[in-house]
Amino acid sequence: MIGKHHDKVVGSVVDALAPLADGMTILVGGFGLSGNPEALIRGVVERGVRHLTLVSNNAGNLGKGLATWLKAGIIDKVICSYIGGNEDLHTRMASGEVKVEVTPQGTLAERMRAAGAGIPAFYTPTGVGTVVETGKETKEIDGRRYLLERARPGDVALVRATMCDRFGNLRFWRTGRNFNPVMATAAKLTIVECDSLVPNGAIDPDDVHLAGIFVHRIVHVPEHENAFEFRTTRKR
Amino acid sequence: MFTTEMMARRAAQEIPEGAIVNLGIGLPTQVADHLPRGHAWLHSENGLLGMGPFPFEGEEDANLINAGKQTVTVLPGGSTFDSASSFAMIRGGHVDLAILGAMQVSATGDLANWAVPGGKVMGIGGAMDLATGCRRVIAMMQHVTKKNEPKLVARCDYPLTATAVVGLVITELGVFEPNGTGFRVVELAPGVTREQAAALSGAPLL
Amino acid sequence: MFTTEMMARRAAQEIPEGAIVNLGIGLPTQVADHLPRGHAWLHSENGLLGMGPFPFEGEEDANLINAGKQTVTVLPGGSTFDSASSFAMIRGGHVDLAILGAMQVSATGDLANWAVPGGKVMGIGGAMDLATGCRRVIAMMQHVTKKNEPKLVARCDYPLTATAVVGLVITELGVFEPNGTGFRVVELAPGVTREQAAALSGAPLL
Amino acid sequence: MIGKHHDKVVGSVVDALAPLADGMTILVGGFGLSGNPEALIRGVVERGVRHLTLVSNNAGNLGKGLATWLKAGIIDKVICSYIGGNEDLHTRMASGEVKVEVTPQGTLAERMRAAGAGIPAFYTPTGVGTVVETGKETKEIDGRRYLLERARPGDVALVRATMCDRFGNLRFWRTGRNFNPVMATAAKLTIVECDSLVPNGAIDPDDVHLAGIFVHRIVHVPEHENAFEFRTTRKR
């Protein structure tokens, strides 16, 4: 689609998610429950699409975030790097309800970066000599063996930004950045949920974390739960 | 015949509202003059999206330039980024349209625009990435060389930039679309006949 | 025997001034408590360099966390970045040292630390990238499993994280260096004899 | 080398360039004459090293910038994307004094990005069916043919930043950014020339363009020529 870079701001999560369809591959930003596009995640369950392939570092946790997709039974497959204590995923993986592909975290990020950058495949040392190597081509380069990893594009990316202008230039907050920018580059349709929506020009060109060229729909969601997983503190 | 200004205006009509466009060095750069304000977003491969017009005198910044190394400005909503990110945009198919100068275009859409056989090597620059990565490529050029050799050809004999990429060619004689066996005549410039254009082309006009 | 605190302090001694260090989840995280202020720069693979201590109560930010998803702070000179950039740092060899938990370490430096055969799959996370990419890898673990099986082994039978990467192992019994055929005893914990350590190891101590 | 991330600020260009040696591969940031580490470029000529391989988009222009290295006869080989009107390079290429490897600009950037990211090689569509393909492996992936391109590391990178803190966190100005950050990641030793040197903490963590992990030496150079190539303007 050419010329989609006008009028990106939509009025509601429902409007933002209108193009979703059954069977799509959806990339969802976040690291555990941090940096999650919370309203879009809720909206997908309400939207009623099914048989999704979810690409996410963790697929939720503590029954929250993307774990709600698992509980709603709308996911056929998860591509993630870490499961940990995500019981909703453990249960469905054990029962066979959800297929799970576990990928090294850096490889997962790089596969999406490659998809966004027009690189169909790349070699990496990560996973050589491990189960990750199974079924993959290898190549010796300068005396060291590497795995060939393929780009991982998505149909849709759901992204959380702290600030967004009307063209879709994004800024992220602290480690809420994580997979969000790289996923935004890797999908045919990138939908952004932003804490604050500002006019074009409000973000200095040098201060843009991700250029609006990668963004297609924007929904402004001022309030977020920002759930904690481990609220560790020190004494004053 | 089209003047170069008419060619630039005609090329501008090919740019949909809200498109991301990369304009090559030379004639394509002039296309920007014919775009309504805010109509499209200009990308410059040295690391700028939302490129604005030349600066007012006295406001030139040597570190705010386009890929032709001319001083430019940045519009509200613009952004800057490094070369790897810029070419990720291009190679990844995020730039909707490239309008590029050309030396030869073939009936199958092959583009030659970076080197003349036996001539000085000027280098590739961003040409191959742009021609390969942008979703649509429009070539702008004079219809024939200075020696009157056709530049719309059955098969390029200049070094290629990319194969099967050109969607449309704009010359002073008209607008042509490579269709595999020749060029479909989309439009002829005022006062130009199909026979005249055909006589100056190295592949059938269809 | 070393207490876990002594193990953490011992590991901290392996960190040169001005090093970039990634501390794995669990016991390695405690190593930070034994570093002089400003001694090293802590990297967290979720996108943070210059990680500081836990925040004061009331100052927790759910979007400022470490790779173990604990709330943390960022020190002056710190920076945040996306996951692809973070693992570019790791894979590209820019992180000087990783201190990681381990389930088995072999005499050739193979590391197994992400899955127990037949156990629940917890996932790989950043473990393989860290073990493969960081210039030096130190493993911290209990010397034997809960079933008293050795974890310093001739050859790992747990699923591997990476091969030939571990430079040093710190257990409650001492400090050991894989040397190809066994483990060189760098240091024994107070009250531990070489014979005791050897009896609990699955490869020769040399 | 481990633990080199303390005391990066050096007092002079001469000190900064002390580790250079004959025969090194040097990556130099800049796009034409913009975003150039001007003092470091001058310093290398004064340093007296020779037989260098220079990786630069343009290798200078108008007799300025890196063209001074050509004139000083200290370069054996140039890896660049564009020569254009750089007569100093044309002359030496024609005489055979300097070998020139011309690479598509995006491939050049990506090869250095790969070097910095531990990716030894990647596939790209750019250059397929052209002279760039000569001598390279190709592979068909999902029905399309791609070239295998190798990472391009350097011994030293010379980088220009507009702002730098003492750890080496960098900010760039406008299109002066260009190849600077990606080259900084690709070299064993990265030397930064900054317009302004600030204390750690002066740059917000979210506003760092390139993290100091990639920077090894810093020299503060407040004054720059910032030469123009084409000073185009419009009427008021």
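As written, the chain order gives the labels A, B, C and D, with residue 1 at the start of each chain.
In this section, contacts are C-beta pairs under 8 Å (C-beta built on N, C-alpha and C of every residue); 3 or more make two chains touch, one makes a residue touch a chain.
Predicted, not measured: the structure shown is a model, and the values here were computed from it.
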item: Most distant chain from subunit C, judged by the mean position of its C-alpha atoms; value: B
item: Approximate Å spacing (C-alpha centroids) for the pair subunit B, subunit C; value: 54
item: Separation of subunit C from subunit D, taking each centre as the mean of its C-alpha atoms, in whole Å; value: 35
item: Subunit B and subunit D, separation of their C-alpha mean positions in angstrom; value: 28
item: Residues within subunit C bordering two or more other chains; value: 48, 74, 80-81, 87-88, 90-91, 133
item: For subunit D, residues that touch 2 or more chains besides their own; value: 110, 113, 117-119, 124-125, 172-174, 177, 205-206, 209
item: Chain pairs that touch, as defined at the top of this document; value: A-B, A-C, A-D, B-D, C-D
item: Residue ranges of subunit A in contact with subunit B within the complex; value: 2-7, 113, 115-119, 165-167, 169, 185, 199-201, 203, 205-206, 208, 211-214
item: Residues of subunit B defined as touching subunit A within the complex; value: 15-20, 40-41, 43, 48-50, 74-81, 85, 87-97, 133, 135-136
item: Parts of subunit B lying in touch with subunit D, wherever the complex brings them together; value: 44-48, 53-57, 59-65, 67-72, 74, 80-84, 86-88, 90-91, 110, 120-129, 132-133, 159-163
item: Subunit A residues within the subunit D interface of the complex; value: 110, 114, 117-125, 139, 141-142, 144, 146, 150, 171-174, 177, 205-207, 209
item: Touch list for subunit A against partner subunit C, complex; value: 31-35, 57, 61, 80-84, 90, 93, 100, 102-110, 112-113, 124-132, 172-182, 209, 226-236
